[in-house]
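All chains are identified by letter, namely A, B, C, D, E and F, in their written order; residue positions are counted from 1 within each chain.
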Amino acid sequence: MEKPFDLLALGEILLRLSPPGEERLVRGNLLEKQIGGAELNVASGVSLLGLETGMLSKIPETSIGLFAQNSLRFCGVSDAYLAYDKSEEARLGIYYYEKGAYPRKPGVVYDRKHTSMTRVECSDFDPAIYKSTKCFHTSGITLALGEASRNTTIELIKRFKAQGALISFDVNFRGNLWTGEEAKKCIEQILPYVDIFFCSEDTARLTFGKEGDVRAMMKSFAKDYPISVMASTKRVVHSPKKHSFSSVIYDAKADVYYEEEGYHNIEVIDRIGSGDAYVAGALYGLLSENGNCQKALKYGNAYSAVKNTIPGDMPSLNLEEIEDIIKDHENTGYHSEMKR
Amino acid sequence: MEKPFDLLALGEILLRLSPPGEERLVRGNLLEKQIGGAELNVASGVSLLGLETGMLSKIPETSIGLFAQNSLRFCGVSDAYLAYDKSEEARLGIYYYEKGAYPRKPGVVYDRKHTSMTRVECSDFDPAIYKSTKCFHTSGITLALGEASRNTTIELIKRFKAQGALISFDVNFRGNLWTGEEAKKCIEQILPYVDIFFCSEDTARLTFGKEGDVRAMMKSFAKDYPISVMASTKRVVHSPKKHSFSSVIYDAKADVYYEEEGYHNIEVIDRIGSGDAYVAGALYGLLSENGNCQKALKYGNAYSAVKNTIPGDMPSLNLEEIEDIIKDHENTGYHSEMKR
Amino acid sequence: MEKPFDLLALGEILLRLSPPGEERLVRGNLLEKQIGGAELNVASGVSLLGLETGMLSKIPETSIGLFAQNSLRFCGVSDAYLAYDKSEEARLGIYYYEKGAYPRKPGVVYDRKHTSMTRVECSDFDPAIYKSTKCFHTSGITLALGEASRNTTIELIKRFKAQGALISFDVNFRGNLWTGEEAKKCIEQILPYVDIFFCSEDTARLTFGKEGDVRAMMKSFAKDYPISVMASTKRVVHSPKKHSFSSVIYDAKADVYYEEEGYHNIEVIDRIGSGDAYVAGALYGLLSENGNCQKALKYGNAYSAVKNTIPGDMPSLNLEEIEDIIKDHENTGYHSEMKR
Amino acid sequence: MEKPFDLLALGEILLRLSPPGEERLVRGNLLEKQIGGAELNVASGVSLLGLETGMLSKIPETSIGLFAQNSLRFCGVSDAYLAYDKSEEARLGIYYYEKGAYPRKPGVVYDRKHTSMTRVECSDFDPAIYKSTKCFHTSGITLALGEASRNTTIELIKRFKAQGALISFDVNFRGNLWTGEEAKKCIEQILPYVDIFFCSEDTARLTFGKEGDVRAMMKSFAKDYPISVMASTKRVVHSPKKHSFSSVIYDAKADVYYEEEGYHNIEVIDRIGSGDAYVAGALYGLLSENGNCQKALKYGNAYSAVKNTIPGDMPSLNLEEIEDIIKDHENTGYHSEMKR
Amino acid sequence: MEKPFDLLALGEILLRLSPPGEERLVRGNLLEKQIGGAELNVASGVSLLGLETGMLSKIPETSIGLFAQNSLRFCGVSDAYLAYDKSEEARLGIYYYEKGAYPRKPGVVYDRKHTSMTRVECSDFDPAIYKSTKCFHTSGITLALGEASRNTTIELIKRFKAQGALISFDVNFRGNLWTGEEAKKCIEQILPYVDIFFCSEDTARLTFGKEGDVRAMMKSFAKDYPISVMASTKRVVHSPKKHSFSSVIYDAKADVYYEEEGYHNIEVIDRIGSGDAYVAGALYGLLSENGNCQKALKYGNAYSAVKNTIPGDMPSLNLEEIEDIIKDHENTGYHSEMKR
Amino acid sequence: MEKPFDLLALGEILLRLSPPGEERLVRGNLLEKQIGGAELNVASGVSLLGLETGMLSKIPETSIGLFAQNSLRFCGVSDAYLAYDKSEEARLGIYYYEKGAYPRKPGVVYDRKHTSMTRVECSDFDPAIYKSTKCFHTSGITLALGEASRNTTIELIKRFKAQGALISFDVNFRGNLWTGEEAKKCIEQILPYVDIFFCSEDTARLTFGKEGDVRAMMKSFAKDYPISVMASTKRVVHSPKKHSFSSVIYDAKADVYYEEEGYHNIEVIDRIGSGDAYVAGALYGLLSENGNCQKALKYGNAYSAVKNTIPGDMPSLNLEEIEDIIKDHENTGYHSEMKR
């Protein structure tokens, strides 16, 4: 029997509030209201490219929770497995974001303590979920939210693995949620279950104590754990409005590395979620074509690059648009400057 | 030596987020960003009429906290005594508000647990505060926020009283913060210190178990406690967009009741804070003219009525405007329909 | 085997463009962008109350079509059965709406000729649809769009009927789409298949030539056709910003009429779609409780009344909110003026 | 030879700045930017109904002046005779407007001293203007702006009169520009030239010392001066959001009074310019049909009533819309509640 | 007798709808509402520089049509010769535009089939038009809209030519309206009438099969047809936000080429209409100074370059501003960085 | 006794009106409403970094004046010494600002004649001011506003100097307010009183006739007048959206020059007030650490550079943010790209 979902992701859904245009948080009368969150961004990205995705999360049963639920569907992600928090304590985490411009950096203010998601439990979800997806994805952020969500996450990884789902994991290290040491210790517990592993070069070196160049560090992970595919991205920040981006994917089974020319001088409008868009593009490549790392590389790079040009956390481009961007990136000949 | 402040108020400062126009919280892309809070609304109202006020509160030291601090000053309230929360747990309470239209009521979603203000302590404030004000005001909301803020509030009331400040207290009963029984028990502890007491007829009857008409209930409070002045307001809600408003003030020392014809068919734009505006107008009347209850009644009624026509929590009208409204209200002859 | 949908609706999805606030179409720089359409409004309303619904429609495969598709999901309606028009001719119908204020009426400008939906065919839909729903709903508007959509609609009605779906039909007569005579002739063709029939008193009289009071006219329809339930609404327009609303439902099988006190002096913000909200509320009552006409009446009246207070075509309230409104409507005792 | 203009109006063009929605001037970050001015409002109103109009005014040659010029054309008024002020002193007058809601009145703040228009001279205009129009209109505001504009206005009236133009004059008394005595003395100088005279009942009584009812006062003016037609309006302000409106027109030549049932309970969105819209409607009636006072009454009343529902100074409705409103007003039978 | 217009342009007027800021069409709640269209952009540009222009087009007689008509005047273009479509089929074409940022291109969605303009006929226009202008301009887009507009266009070209107007034609090839072959065949029919011819290098080569460099191709056109002046522009797209622009003008009569250093690293805000602004600047140069190609080159280049910095289709700069830009471009010495 | 203010500034407060986003002044329906003014910008900047500042200015007692007063406090500046103009002539100066993009420059339209500030007198201020501040700051703009403000300014300088305040003066030459000759003559009168002197290289050369490089010119000023510290800034404008910035500070007492590597390729969002931010940063350095020129240089450069990235006149960054920017500027190692 066919599994109805290609991807289920576990993670916190956040309300994102950001001043319009170039306004600052300390001033102004308006905030733009969107939703985001690392794993949701991945799920939405995968969904926009054409696969079926759903979100495992816990949200309050209030107008704000309903806004999140409605927005989830708008972004192409199923709300079928959301858990609702009806307690007095129910709250949706919030983050405030303001853009930067050299010499001022973009800034984020978090207000995500005590949220409904920090109290998530396995029993919040229908046991049918374990058999319903080809791939399960989560990130280090969910592990870092607190003890309850950490235990739940680890247990869910085991249950999904047991039912044959591929396990995808993005380290996504956040120094404001936990220490490197805590992260390392916790993530090493789950690496034995991980099939697809996303970890940046910096994190590999600083948090996991790996040495050598990026290829050497990837191989080292694959030696220690039964990882099938590992991906590592590199962002160069010329200024808050101009970045370059590239990545390396390592097919551990075949011991092959995949790389291509990066995207240079990306005109950045909103860099939040561009890492998640990479994960989405890469997972799309792997899931849509049976572990094709070459495809994962192309779609991951393009999706991440273009996400930087979209306001908000989520990519909002579909397959046709991404494929046009890949064609333009690979093509050195004539191409039109406008889609019409 | 002259006391620099006419009024210091203790209370939580909230970030108020509301959809523009007639939009709903479950939809839409924008939120209007303001600040509010029952005691702040009172302080700002008193300040706009020309007295010196300041706020005692605890806010996070983030961009959102700074926005609150900046806005406080914009509204005419001194930020000199704000306490800053630099901990990881620091957060500003939030409330989301959407307007109603018959048959749909206005709605509020609170997200005010675990805020910096719930952890306020006497040591957060400069001991100079006790001698620096003629009047100290707070409300039942601050008592209801949690044990720490309750203890701090009670202690502050005692210290201000000891230094000769008038104590003003508004019951402001909120069923979502505590039960009537809890409220009664706690407030009865502080009533021995209260000089100016605000309590609605409904609350007097349902929460404090008073009987008889509003005048009888007021007299009963004044018999039990050394209250100087007590005020009780009455709102008639014809629809979310049309209210009427009136009040009774009882001069307990003189045993005299003050009443006037109410404001009928107020064109309501935003009813939040209209009760606080009443308190502000009444306190202005009492503080600016040595306990003049007649003035308190007039300014309280006018300020409350007109607050309903102002978006946001705070009244934003100055003395000249209020006095024009009072003149129009009292005058039955010719008056222009526009200020120019 | 359980049918996955409670309701599938066939109809055109329109882009609705309306000036913000009180601005006029002949001026101004901004338009609010939403989606709507009579049958979609019904499906969304039913979905918000908790049933499963989906939309049968044909939309262009462009950014504008994708916006409609995304919005459909936001509103709780499944996009699983949408048909996509990839032709050069593909277009989404548009309507422009501006509010009124006495003595100026609200105004609508239609730009809905030659749309993708006018070329809809049965083959655009997966044959699985016929067995997948408990109820199929459409309206006279879909019949009036053109010959292709008329033929498709009639054929779909027959196919759904054949698979045991209840057939719901709202006359929704629009003089700018066809004449009364055309409407009568066409609708009489489908009435033999209709189970639940919505027709206003005016239309019954003017278009179908019925005589007598509303009850007599309803009975006459039920005599001629095998209708189970018929509903007729009445709107009294005091001004563009103030309406009253009531309805009658006739249980033809039991020969019983249902009526209740209407909603008076509704504070109208946007009256578009309030008729569709009635249909949604009534269908919810009938479908959720096995043809309960009393429930249909209550939910229909409340949903229609409250829709007038919501900007846009669609109701956007959930079951809990509607039930609160019904309670307030029925209750003559104390009730709070604000939800918090 | 045909005169190309039906109406030329002389008056100041003002930049109107008003907070969006219900915001106040003392707060907020945005202002809506429009143009207005009593005589411009009249010219635009007459033009929208189908006649040819142009504006005589003096504006600065800056981006703000160009905005006014562009907007003038948008509103249907010719900019062919505008004079441009290139001096260092050049400025466009400004007025700030905020809406009211009971018990708060609407408010206006003027910043119109030292404007380019106060320095207008006859030599600013092409001498061809005098022969180019059937009617010349101005108001007491232009007379009150200062000595230069007063002298210029009086001289222009004489020159237009000499070339056979009808002279239309609206007293439009503004206590913040001059005293009643100044106004009376100045206006009595020009009344010998006036053919069509607009003066409210209050102004006739308070400023010109007329006695008796409105009909008697009108007759008194017509006895003293060679006025052909005089009109007097009456606004009843129930609240800032609800007015009633009616008028009387006196055909002095025929000694006949025209009156009709007024418009009651107008849903006021913006009352500014509704008096000017009356003048526009009345002038349209008179100019389009050879002094038809009955038509002037109908169109004046309807145009004024409906202007109250339009944001900004100018009416923005065309002939078809006004005629629909007149039909609805006169009709007591069935009529639809929406234009579509 | 003086001809009242310097330029009459024939073309479709489109409603342009674009999301504010960096938002995408598939999301968001607002659209900016403007008008545009290749020939209108040219007419407005010429008018802003000081010449008299008018538009020949057919628009619906609805609020949307009136918005277009009002906006036309705002932009300085006469609406005296607009034709109105009162049929049921009447519609204004629409295009949706969203901005790009590398690696995402700007995008356009057209909804311009079946518009009123596609049914334009010579009889829609007052026969007085032919003698009323010094120059008549249209483009390949108008030819491509459909058979009726093509025939009308060709006939109008002949009639204007017969009355001594200069004929200006911009190829403006759009692959989504017709094929290169169709374009070539049709345009070759009208080239015998064209005095001023605009054609890009790419189109000359790909559509007309010209060979050699741009100068050679220009000369080849001038050899085959009695063209007086031909202009060819070149845009280099570094990224969606950074372009360079230059052009060549060929004075065929004198056999002289005109070129200057281009504008490099233009900070592009909205590139739509920058080609039309070039035509406007060049026509202004030619018409204002008797075929001065040097002036045409300077004004064309500057106008096109600066149009890229203006949101919307139309240039919105006046003569003084353009001349300042030309001075800065030519000057290598000191110049201020701000106009004040 | 401690002086309560670190800085009092004398200057005009202007209403700043600017179109949102990239819109132009000649078009559009909205203006952003802020306040600004050279000396206010300085005072606000100094206050945001942690010192106590207040403003000496004269504003109208209207809603617009109150907006300015409220905004002043929002920006951290005391309104205690504002003077209110209650006359009929009272007005707040206005300036309109629109952004540029290459090849279009930013533009300013001034409307600042006849303002309340031009009539400021010493008697408008409480005589207590002279003893209440460590430093008094003003600029050449205040001198240039007119004779009354010039005389008042000179007298105030003398009075503050007499009470031991440091005198800070920024030449801020504006060719549209006075000629270079007038400026020179007037400023030379006050230089004997100036302690801290800000003058750009261009102004030193063109207005004061200084020769040699920037260091030589600075030394020349210090030779002629008893200046303690002189600062000179240099802006390189690559395009309206990209600037570089650096400065030199001369410690005249010690005869030492301070310079550091400038900020290159600043991503300019709004360059207005970046010169004032420099003054603010430099004064902060000098006042907070006893004339520390090295600190003045660092904070001045950083504050000016970053101000370019903030919309509006005022810097809006606090000490912590500036210190982060200084650290990033000095640091060549690793640093994060986002604050969170």
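Assorted remarks:
Everything below uses one rule, namely that contacts are C-beta pairs under 8 Å (C-beta built on N, C-alpha and C of every residue); 3 or more make two chains touch, one makes a residue touch a chain.
Molecules present, by chain and UniProt name: A, B, C, D, E, F = Sugar kinase.
Quantities reported herein were computed from a predicted structural model and do not represent experimental measurements.
Residue numbering shows that subunit B and subunit C use the same positions for less than half of their mutual interface. Comparing mean CA positions across the assembly, the chain most remote from subunit C is F. A centroid comparison over C-alpha atoms places B as the chain most distant from subunit E. Distance between subunit B and subunit F, defined via averaged C-alpha coordinates, is recorded as 40 Å.
Averaged C-alpha coordinates put the centre of subunit A at 45 Å from the centre of subunit E. With each centre defined as the average position of its C-alpha atoms, the distance from subunit A to subunit D rounds to 62 Å.
Along subunit D, residues 20-21, 24, 26-29, 66, 70, 74, 107, 109 each make contact with two or more other chains.
By the touch criterion given at the top, residues 66, 70-71, 73-76, 318 of subunit F touch subunit B in their complex.
Those residues of subunit D whose C-beta lies close enough to touch subunit F in the complex are 17, 20, 24-34, 62-64, 66-67, 70, 88-89, 91-92, 94, 96, 98, 107, 109, 111, 113-114. Subunit F contributes residues 20-21, 74, 263, 265-270, 302, 305-306, 308-311, 316-317, 321, 324-325, 328-329, 336-340 to its touches with subunit A in the complex. Residues 28-29 of subunit B touch subunit E in their complex. Of all the residues in subunit B, the ones that touch subunit C in their complex are 21-24, 26-27, 100-110, 174, 176, 235, 237, 239-241, 271.
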